[in-house]
Amino acid sequence: MAKVKDIKWQKGMKVFELVKSLGNCGFQGVELNKAVECFTKMKREGAKIYLTFTSNMTTSGLRGFFAQLIELKMADVIITTVGSIEEDIMKAIGEDFYIGNYSADDVGLHEKGMNRVGNLLIRNESYERFESYMLEILAKLYAKKNRYSVSEMLKEIGLMLKDERSILYQAAKNNVPVFCPAITDGAFGFHLFMFQQDHKDFVIDVVQDFANLIFSSTHDDKKAIIALGGGVSKHHAILGTLLNGGADYAVYMTTAHEYSGSLSGATTREAKSWGKIKDSADAVTVIGDVSITFPLAMFAALDILSEEGLI
Amino acid sequence: MAKVKDIKWQKGMKVFELVKSLGNCGFQGVELNKAVECFTKMKREGAKIYLTFTSNMTTSGLRGFFAQLIELKMADVIITTVGSIEEDIMKAIGEDFYIGNYSADDVGLHEKGMNRVGNLLIRNESYERFESYMLEILAKLYAKKNRYSVSEMLKEIGLMLKDERSILYQAAKNNVPVFCPAITDGAFGFHLFMFQQDHKDFVIDVVQDFANLIFSSTHDDKKAIIALGGGVSKHHAILGTLLNGGADYAVYMTTAHEYSGSLSGATTREAKSWGKIKDSADAVTVIGDVSITFPLAMFAALDILSEEGLI
Amino acid sequence: MAKVKDIKWQKGMKVFELVKSLGNCGFQGVELNKAVECFTKMKREGAKIYLTFTSNMTTSGLRGFFAQLIELKMADVIITTVGSIEEDIMKAIGEDFYIGNYSADDVGLHEKGMNRVGNLLIRNESYERFESYMLEILAKLYAKKNRYSVSEMLKEIGLMLKDERSILYQAAKNNVPVFCPAITDGAFGFHLFMFQQDHKDFVIDVVQDFANLIFSSTHDDKKAIIALGGGVSKHHAILGTLLNGGADYAVYMTTAHEYSGSLSGATTREAKSWGKIKDSADAVTVIGDVSITFPLAMFAALDILSEEGLI
Amino acid sequence: MAKVKDIKWQKGMKVFELVKSLGNCGFQGVELNKAVECFTKMKREGAKIYLTFTSNMTTSGLRGFFAQLIELKMADVIITTVGSIEEDIMKAIGEDFYIGNYSADDVGLHEKGMNRVGNLLIRNESYERFESYMLEILAKLYAKKNRYSVSEMLKEIGLMLKDERSILYQAAKNNVPVFCPAITDGAFGFHLFMFQQDHKDFVIDVVQDFANLIFSSTHDDKKAIIALGGGVSKHHAILGTLLNGGADYAVYMTTAHEYSGSLSGATTREAKSWGKIKDSADAVTVIGDVSITFPLAMFAALDILSEEGLI
């Protein structure tokens, strides 16, 4: 058994040094360090990495980091909700989001045309510019053909964005499919609907995308899940890997707990009962806000992998 | 300002008496009682009620209660995730789920073909019977036509189920649309995909369902949201009412917190910044496991509404 | 294995009927029903019951319910923090507390002399009246003798209060010791300190109270813990029973989780590693706000025990 | 309003660079960076710093970091629970604690004489060695005099420990008082009790310690609270500063939420209604496991303060 070791500050400590030290300190620090080990192993073993996240993370500055991870080949498949798609596009066309606070006057914000997401703010104007841009995009897509699977459509959009910090752009450029199982659950859905009103033969084929999900890895591939937050994104990654035999590596980072039986709070341990994660898999659940835990753990892992020449 | 009042047990107390008493006791009891008031007002005012829940709630015995609520006209629109659809069907065709525990041996369960959802268990056989049933259903649906919106397909399935305690059956019978924005995110998706392999012209049109969502209420209707848990189900109800001017009543019941900025943890207060809920709306957020808080509050509300002849 | 059963509303349902139904529904409802069973068993077996709670619960209307439980012989030992003592006294001398809301303007409240506890409010005047009353009480106590253990002092105070809904009064009347391991951590401590400034030989002997804790049960007694919330109150009950061989029954009701390793979030399962709870004990952890879960479960248990003539 | 900025990994990044970047990213990262700013300001302004923590943190490797903070003059007053005192002593006399896991077999651990604290383990032997050591210590203390306030006793013990990584030792050496408002709530209490059985005039005077708490700062001092976790430790620091006019700086780091009205989950905002924290104070609440958030934020702050020559 490993011993608990006192942690000690030294001037100018590096992220990976701190995280390593947390691994002998206790509680979630221990789990965080296991996540680092799991991240490094999945890359060393050449696993197909399914990275999933919820749209609030794209609202935050994690968005550029996700794009960087795709560029660094640390994500082979992306799964997220449609809010992420919308906001990645807004940012790619130049919109800025702002930092507010949790106890803001929400009625006042409404009057000012500001929409709150925790302690972040999105202006109504950003949604308006997104709408205009969507009209252009959909016309271009339709000019090519009239039936798209979701990931196919998102790849076409990604190629148009030309922003190095865009998730969709980096994914398109690096042949990383982006799945979004509830594509209509947002403003994006409204724009698709309006477009279809005038173009009845325009079809988004979600069933066809299931093929793409299944063929995103094989039974023989090592498979890894990095699930940030819960919801359909997390579930879809689990589903995709389950159909090919289950994941060999899994890191769940979340604020949700298991006591209400939700998928969002379901642990990597519970996943083993389903065969979602192999019985022998390296798997760890880290509880805490992903805006802190994920950069911390992944920065440490990237330092290690960079040292080994793997990224 | 209302005073805090001591609560006192009396033999044989009724649910609505306890809940009323909690309303003067403090903390979440106060919020729970506000939820009861909100439930009764939305019904008295004839609001269109959007009831949303996550699939784990259908795993639990809340499933029959949701069906009863539809029967009682306490839900005009249902929004849920595909796990709910699958498990409602399994139960309708006679499958039983079991009560286990949170700290079960998950690898052992896997060997026994039991899949864990918190402290509940689903057998592999239930998924197998579901698969056989789906093959039949899809053949019947395709025999009628080749293009369905999701809610249209779910209505057809509901009519076949003939189980009074089934959500889909009661919804179909009572003309309550069931939306499921990520219909492929589960075994259901796999079966759709397999069917489409052999029937290339079979299309599930998610965009068309957006029209159904928008037309599920009007700008002039009073609109109410009862969101149990978070995720796309909650978001989709918000989206649907937002497009028609925002909700007049909203009860969010959840275990999620706002500190990570997720939609699941977003409060009714935050929703006002978006106009998702009207500035003047009756709105309350109750924190706690829905398996306890929802029956407790809704049973109390139903007693009151029944007394008033409204259900 | 028990089957999951659908729950169904019937008009005028009683609390114990609902709770029983939740026991077959899933998630925390199942645990809640186990708590009911544990409450009834501990009483049937004549266990010494250690009831612990935090001071916010005394701020709420649970205060009168705790007093009632002592009167009904459902608590043989009380352990709480000093805020409970202060607020029980305030209420006993006629002070009212008020219901506010979580998102109040706190700087504004401060200007109005209102102190917020979640969604409850205490006026500055209540603290002022408490101060006057304490000066009287301490003078009376000192007139009798100059050295008190904490529980001895609290018994003397209880006898002065003459309020049937007071925890201290019912405890004193029913010979139920009240332990408060951090008696100086509040306004009470300040008043003790001021009094000691003028009466140097006045001593509160916390060490002597340890004897009272140990002798509050024996090795041969069956022992039960009902821990509402965490902190030193919970820990002290565990300590008291551990020294006499560990608890035979334990119900922990809390909002805290185990992931940070805190005692507040520690489960009954973890307690078994320490021998705090016997390996064979009936033990259950219910996650949720005690203002809802505790009355719900205990009302159901009292109905059952009353039927059996045990209370 | 500040803009959200994408975060980006660079090889070998330092902790303070990452934390600064999180400050523009969103959610708890923003709050974490505010904590860093608050830590640096409180030191620059020469505030008296009250550092409080719960005993599980001393179980972990944070223990040595707390000792280092005392040495660096980043803590002027320490408040904790008695578990911290016990475990700091165990570690100072050479006992090791171990890293286990949250889903351990607790009955099995009990048989092996291992006690679980989340994912950490303490052997029975450590408690036995602590007992022997306490007997020695108490005899030495009693030889000097028969009446001690708690902080006075802890200073004497600290001086005996001679371990640079010990909280008690560093506190004693640096004249930092250690308050422990529930000194009897643990094995320590049992040993005090046993000793008092044979030495009836031995008194631990908790009331006298209130004077020490009050005089630990003045009305004119700037005062700061760093509360890690909740419970009596947090409350005692608040009480101590409130009596001298309230805190000018406050950082609460916790996993508890405000919805149940507990002090542990009470935010810095709520504290303003009480005057616990001045209306104009710099105050921030960071939600998350302290084993990660505190080292992260404090390491960043120490780097900045070291650069400025302030530590």
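Each chain gets a letter, A, B, C and D, in the order it is written, and its residues are counted from 1.
As a convention for this text, a contact is a pair of C-beta atoms (placed from the backbone, for glycine too) under 8 Å apart; a residue touches a chain by one contact, two chains touch by 3 or more.
Since we're looking at a predicted model, the values are computed, not measured.
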Of A-D and A-C, pair with higher C-beta contact tally: A-D
Geometric centre distance via CA averages, chain B-chain A, whole Å: 26
Mean-CA-position distance for chain D and chain A (Å): 36
Inter-chain centre distance, chain A versus chain C - centres from mean C-alpha coordinates, in Å: 44
Residue numbers of chain A (touch at least two other chains): 26-28, 56, 59-60, 103, 118-120, 257, 259-261, 269, 287, 289, 291
Arrangement of touching chains [line / ring / star / complete / other]: complete
Touching residues (chain side chain A, partner chain C) in the complex: 26-28, 103, 257, 259-261, 287
Touch list for chain D against partner chain C, complex: 54-56, 59-60, 81, 83, 102, 104, 106-107, 109-110, 114-120, 181-186, 189-190, 192-193, 196-197, 202-211, 214, 229-232, 235-236, 239, 243, 255-266, 269-275, 279, 289-291
Partner chain A, residues of chain D touching it in the complex: 1-9, 11-15, 18, 21-22, 24-32, 56, 59-65, 67-68, 96-100, 103, 118-121, 165, 269, 287-289, 291-293, 295-296, 298-299, 302-303, 306
